[in-house]
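Listed below are the structures to be examined.
What follows is a pair of complexes built around chain A, which joins chain B in one and chain C in the other.
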Partner chain A sequence: MRKLEIQTIMSALFIFAGLLSANAQDANTILKNVDNVLFSAKDMSGNNKMILIDKSGNEEIREATTQQKGIDKRMFRFTSPSSQAGIAVLSLPEDVMYLYLPAFGKERRIASSAKNQNFAGTDFSYDDMESKPYSEKYTPKLLNTEGNVYVLELIPLSLKSDYSKIIMKVHKTNFYPELLEYYNKANNKVKVAKYTFNKIGNYWNPSEIEMTDLKKNHKTKMIMNDVKYDTGLADEEFTVRKLKQ
Partner chain B sequence: MKKLAEAIVKFRILIVIITLLITLVLGYFIKDIKFNSDIMSYLPEDDNVAVLFNNVGKKYGGNDMALIAIQSDNIFQKDVLEHIKQLTDSIKTLEGVGTVTSLIDVIDIKGSDWGIEIGKLIDAYDLPETNEELDSLKQYILSKEMYRGSLISEDATTTLIIAKINSAVSDKSTITNQIKEMVTEINMPEKIYYGGIPFMIFEIGNIISHDMIWLGLSAFILIAFILLLSFKTTRGVILPLSTVIIASIWTIGIMSILKFEITLITSIIPVILLAVGSAYTIHVINRINEEKDQDTKKALLKAVAYIIIPVFLASITTMVGFLSFIFGSYLTLIRDFGVFTALGVFFSLVLSVTFVPALIAMSQSKSNTNMDKARSDKSTILNNFLKQLSIIIFKHPKYSFTIWSIILIICVIGIFKVERRVDMIDYFKEESTIRKTEKLLQDKFSGSLPVYVTVKGNVQSPEVLNTMNKVQIFMEQNEYMKQTQSVADLIKEMNNIMGEGKTIPESEEKIQQLWFLLDGQDIMEQLVSSDLDEGLIQGNISTTDNEALSKFSNDLEQFINENQSDECKMEVTGIPSLYERLNQSIVKSQMYSLILSIILVFIIVAGLLKSPLKGFFAIVPISATLILLFGFMGFTGIPLDIATVLVGSISVGIGIDYAIHLITHFEEDYKKTNNVQSALEESIKISGRAIVINVLSVSLGFLVLLFSNLVPLQRFGLLIAVTMISSGIATLTLMPVVINLISRRIKIKSLTN
Partner chain C sequence: MKRINLIFIMMTMLLISINITKAQEITNLKLSGELFTDQRLLLQEQNDWAWNENRLTLNLDKKITGNSRFYSEIWLRNMGLPNISSSADLYNKSIVDPYNLEVREAYVQLLGFLTDNLDIKVGRQRITWGTGDKLNPTDNLNPYDLEDVLDFGRHRGSDAISFDYYFNSEFSLQGAYIPFFQPATMPVGIFANALNPTLELPQGMTLNGFTDQTKMPEYNLSESTTTGLKFKGFAAGFDFSLSYVWGIDGMPVATYNTFSPADTLGAININSQLSFYRTHIFGADLAGSIGGIGVWAEAAAFLPESKVVMTNDLSAMYPMSPVPVTQDTTVLDKEAYVKFVLGADYNFANGTYLNIQYLHGFINERGTDNLNDYFFVQLERNFFDDKLKIAPLAGGFIVSDWNDVGNNYALIYIPEASYMATDNAEIILSAAIFDGKGENVFANLGEYNMMMFKLKYSF
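Then we have the complex of A and B:
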């Protein structure tokens, strides 16, 4: 009789503990799934259109071609407006970044401490643009599920991050992020990113990301066109020599 | 008039009750009144200097600066940096603060052999900790022109947090208050100083409200004491002062209902009412005391019937004097001041001829024994003095006239020596914290007064950037302008990093590509417009000396005119030009109004008394007082500024009253005796008594302001005393002498009408 009681209690405890860890597990799994959706392609290339919208609604458009291999090699080359055409940014592993200015015919390395700076007048910081898996940068916690989405709270692992947390809403079945809300150290919501995905081949492609800086009341729409996955880009495409072409 | 006087006595209880009821109702509304000590907000919104200044504020994230200086034996210590970071972060969250710059939050462009780094000077999330790190940071920061002397003092003991505030939209007093609260909250062991216009304005507001309470109270008690000595009755004290209080309550109550703010200028309305309004009541009481009728009721009736006319005339002319500000004024602020002072004067008039006699009638109906003891004191010093006075001036009227002429001529010379200084720092005493802070900011940094040059044109073109550079070099040649900042500096810095030297690139293409790296940096919003069609050069000037400032502005203005083109148009603004502008317009409009009011007084008195000659007599003491006042300022070095120029208008108000009382009294006596001299003597004796009481009480009361912590208030008190005394003396000596001398040549016919 007593044995049975203990067994019951024990198994109840196990189930409870299991539930708890299942929750933790879930948050991690969800984020892993998100990373898989976002970063599993071997390579990607396409055209990038950035629409900068200021608080009075004035628009400014910049276009660039982008190529990416794996998660840590990327070439970004501006094509318009003409004043910026030819400016290129090359990102390599371990936060190595190079910039090429055609008018000077020279490249310069950009230091990594510039990561919390905004990229080329957009509302994306270099940090936001980085394609490092979320699970390597944040500890997730599942807050709740609402309708079609999981709501995750991401706490940065690095103290150097500008953010205290990010709230991420993840599509339940497709595991792509639909909405990201960035909170500053004072725990105020400072930026919001809205994602729109479409499916290209086997991959979900973020066809449009709309990033709003709530304090500046400034918005950037990043639209991806002509996206191709897994075309077999070579490592040679991501060198300083290539940058200067 | 007799009927009116009878009505007042008949309805005395009703009058007193209605007066008190109105006072209660209007007094209730005073709780909503707002005080606005922000001098900068006084310029009209469409003033071109103000428009430019406000545009700078709107476009570039602020135009006014609140400076917080942090002092420690060495700034480069971990916890000092930590405190700077905390304070920078919290100030950023304040509503109305545009941008915040400090060592912890400022752009840094680093170039080296291997590459470039554009980022923050210090990584706020990874503050240096070891002594080595801290020391190398110190070496690096002190080596850069961009920071040395603008964010950190050369000896590394003092650093600044600069909060830019948009002066057109922010509530500066709230912001400054919140900043001080934050400092207390962080509980920093370092020494903190607060500088810049927002803190000065805050401080001025504080001092004024403190001084107004303590000194105002002392002045009030002193005036009450003098009134008590003069009239030897409580009603002689209570009635004049209660009229002033009631009239002030009514005026401020109505201002509050109509949503007007109390400004530094309108705040002196109660002061004017104290000087002018109390005089009406003093004349009324004096007249009642003079009526020798033993039947108190009859005496009251007679006195009131007589006094209504001169008091009415005096107050109407005073009102017209203040209403003349409506025409002469460029600033709405001065217009409001004129209208509401006139309203207050009107209330004082109404009260002194209704409420005062009604109250006297009430107290008399209770006890008839209350008749003034002053009667028995008729032979007091005052009366003897006045008698002696008339003997002296009439024995040798020509001598008296000559003495006055000499004094006035000397004063006219003094007028040309009057300085026109505008220096807010001058408002504070030498030993005040604000002044010490300003000295610190001037010694270790580049001062606290921002100067801006807006440069309209394509800011990415080499021509515009080179022009900006040229203007900056010119500005920095001035000994008081240690440093300037513009986008041209950043482009030069970037060009250097690209290996092409610290110059502006010769092609627009290169500039645009360097721009690519600066795009999105916080600092860009402070330096160029979002459409890239305008750039801003900003610098601080480290002097508050007016001459140096105006020389700087003029030279800069000239340099800009010589160097601008259709592709590159420039304009100067900033606190110094704004302040100069404000002061100029106040002083100018006041001068214009003073002259206008003298002309109007002449017309009114001449018209109402149907004699141009009497109009002339009335403006004699006013003009003499103004000459004396400005001459006095010239010789004592008291500058003409926002506060002191207002004394002129008070002196007109007071001068009119004294003159009118003497003239009407003279006329009445002259009618009876047809003897100019004896009529004058009698007028001096009776009206003179009220005048001397008014002069003594108000001027002594105002001398209390000499104990103020604010220099303009000290000067204001002194000048009011000078004005009161010279108005009194001019009315009692110069005017009778002029009348006397003129009546020898011209028969004053119109007077007998």
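Then we have the complex of A and C:
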């Protein structure tokens, strides 16, 4: 009788473990699909218009150019306003990020403590601007499905992250993220990012990202224009040499 | 007549070609700049004006072709206060309204010159070296611009040719050739004497008058040239570089002082000859991140090409002496001395930023025994959507003699608040408080405690 009990418990454990595994597998697959949607193009270039909106509704506009290659190379350069023009950020593999400030005439590595800071007054952090697949930064867990979206919980792999978790809502059919909710270490929701996608050629393009800082009641709308995919950007476009040009 | 016609035709053609060029390329020309005002008032009674600077910076940036670019930075400045001593001065606009025009940079950059991996720059340029934050012992190619001693790291551009050769995305070689020596520009206004060494006179003598002549290096290849080479790389998570400069120290030293009696009571006149000396500078720096903390280190070993000696000629004081009466003092031995900086910065989760630096050897200090220790700190935090930045803790502590710190120190406290009134307009309010004793740059600025108001408008 005791043997039967043990067998039953073991079977239940195996089934539970299998379910967990299946769940994790699903979550991983979903997140990988998200990365595939976001990083499937060989390269991308375009113009960003960022509208900073404070709690009183006052707006400030910033413009930038962006280039991306593969999954881990990105160059971002402000073109306006004049006080910001020329400031550029280069994101490279292995968490390497450089900041170029024209006033100093030299590049500077961004320390990981700075990656949680707001990027040039926007509601995006340096970390948010980094080009790196979600599956390499987070461990996903499928929480549930709601209507047309999967709801994933992403736990940062790095202890240095300012976030304790991110809740990501992923479109079931097209696998692009529709909504991201960022939680701080005290498990309070601190930021929300809403994504709007349109299709350009074969690729889903995040045409607008609205990032809201819930504590400051401040938001940044990032609107992508003139987006071009697979134009054959060379690796040389993502070097410190280019950053300084 | 023929000559006039030729000139007229040439002028017309020039104008036409300029206009055609304009029409073709006007869209590529980027004009930007900044309007900057810097006003400082002493905190003493009467609140004397300590600094008046109104600067219009114009930046012209033009991509001429895909592989070439022109860039310039020009300052048009109203600097200082009217210094009128006679009615004749009232007829002179440069005295009534002092201003100057300064070409900070004006160069052409050729990208992928001869080979894909080579970029060159020709013209007046700033060649920034070093990983320290405004404190850069290895940054020695351009002359120092010490006009404002509170703006430590400022250099002027040099007329130079420089190149960058990129072996790959991580390793590169930079070289620079500066044909003409340009000395450092010294502090002005109330800071004029900040970097001058104290004159020690023999017992019983008082200074009546002082004159000097500065001997510039000859303008030829061997005497006036500065060259430098730097190898840059990235390894084990750190950016690093090794550099060498064969240059001339931009601040002159007194090498021959002629003493002459002014009266019979011990008053003397001194005529000093100032010279510049050659030096080898070996540099190394690195920057990276350890445990989320940004760290950097930078060191430069200065090796004078020959011993620098100062001769005091006292012959006029001893007219009966059958031989010249001179005293030689070694100002600088032919041995290396090392200046270095160690720094770290950290961004706290609440938005506070902390920057700490330790510097051994300030800009004007030379020789192992004369290098002082400087500790700088900057703590700042942003408020109101990053529009307001307050630095309540900013400044430095200087020790010029560890055996008697109480009499050989300086404190600088420079709290600052800056406010971005609009996207392009920044208002900065700060104060500079000095205290100290002994021999160092900042110890003697105690009577110059000041309030500072600055406004920058970028366009």
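Methods note: the second predicted complex is superposed on the first by the 222 of 245 C-alpha atoms of A that agree within 3 Å, B and C clash if a C-alpha of one lies under 4 Å from a C-alpha of the other, contacts with A are read in each partner's own complex, and residues count from 1 in each chain.
Note that in this section a contact is a pair of C-beta atoms (placed from the backbone, for glycine too) under 8 Å apart; a residue touches a chain by one contact, two chains touch by 3 or more.
All figures in this text were calculated on a predicted structure; none of them were measured in a lab.
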Superpose on chain A as described above, then tell me if chain B and chain C fit or clash. clash
Taking the superposition on A as described, I'd like to know which of chain B and chain C A:G121 touches: first, second, both or neither. both
Name the contact category of A:K160: first (chain B only), second (chain C only), both, or neither. both
Should A:A234 be classified as contacting the first partner (chain B), the second (chain C), both, or neither? neither
Which of the two partners, first being chain B and second being chain C, lies in contact with A:R109: first, second, both, or neither? both
Touch test for A:A186: chain B only (first), chain C only (second), both, or neither? first
With the two complexes superposed on chain A, say which partner A:L101 touches: chain B (first), chain C (second), both, or neither. first
Could you look at A:S83 and tell me whether it touches chain B, chain C, both or neither (first, second, both, neither)? both
Have a look at where A:Q245 lands relative to chain B and chain C in the superposition and call it first, second, both or neither. second
Going by the clash criterion at the top, which of the stretches 62-70, 152-160 or 494-502 from chain B hits chain C after superposition? 494-502
Once the complexes are superposed, what residues of chain A are shared between the chain B interface and the chain C interface? 54, 83-84, 104, 106, 108-111, 113-114, 116-118, 121, 160, 162
With touch defined as at the start, can you tell me which chain A residues reach chain C in the complex? 52, 54, 60-62, 81-85, 104-106, 108-114, 116-118, 121, 160, 162, 216, 218, 235-236, 238-241, 245
Where on chain A is chain B touching in the complex? 54, 58, 83-84, 87, 98-99, 101-104, 106, 108-111, 113-114, 116-122, 159-162, 185-186, 188
Quick check: in the complex, which residue numbers of chain C touch chain A? 32-34, 69, 111, 119, 126, 128, 164, 166, 169, 172, 239, 287-289, 292-295, 345-349, 351, 385-386, 420, 423-424, 426, 456, 458-459
Chain A partner, complex, touching residues on chain B are 89, 93, 110, 114-120, 123, 125-126, 460, 497-500, 505, 507-510, 512-514, 516-517, 519-521, 530-531
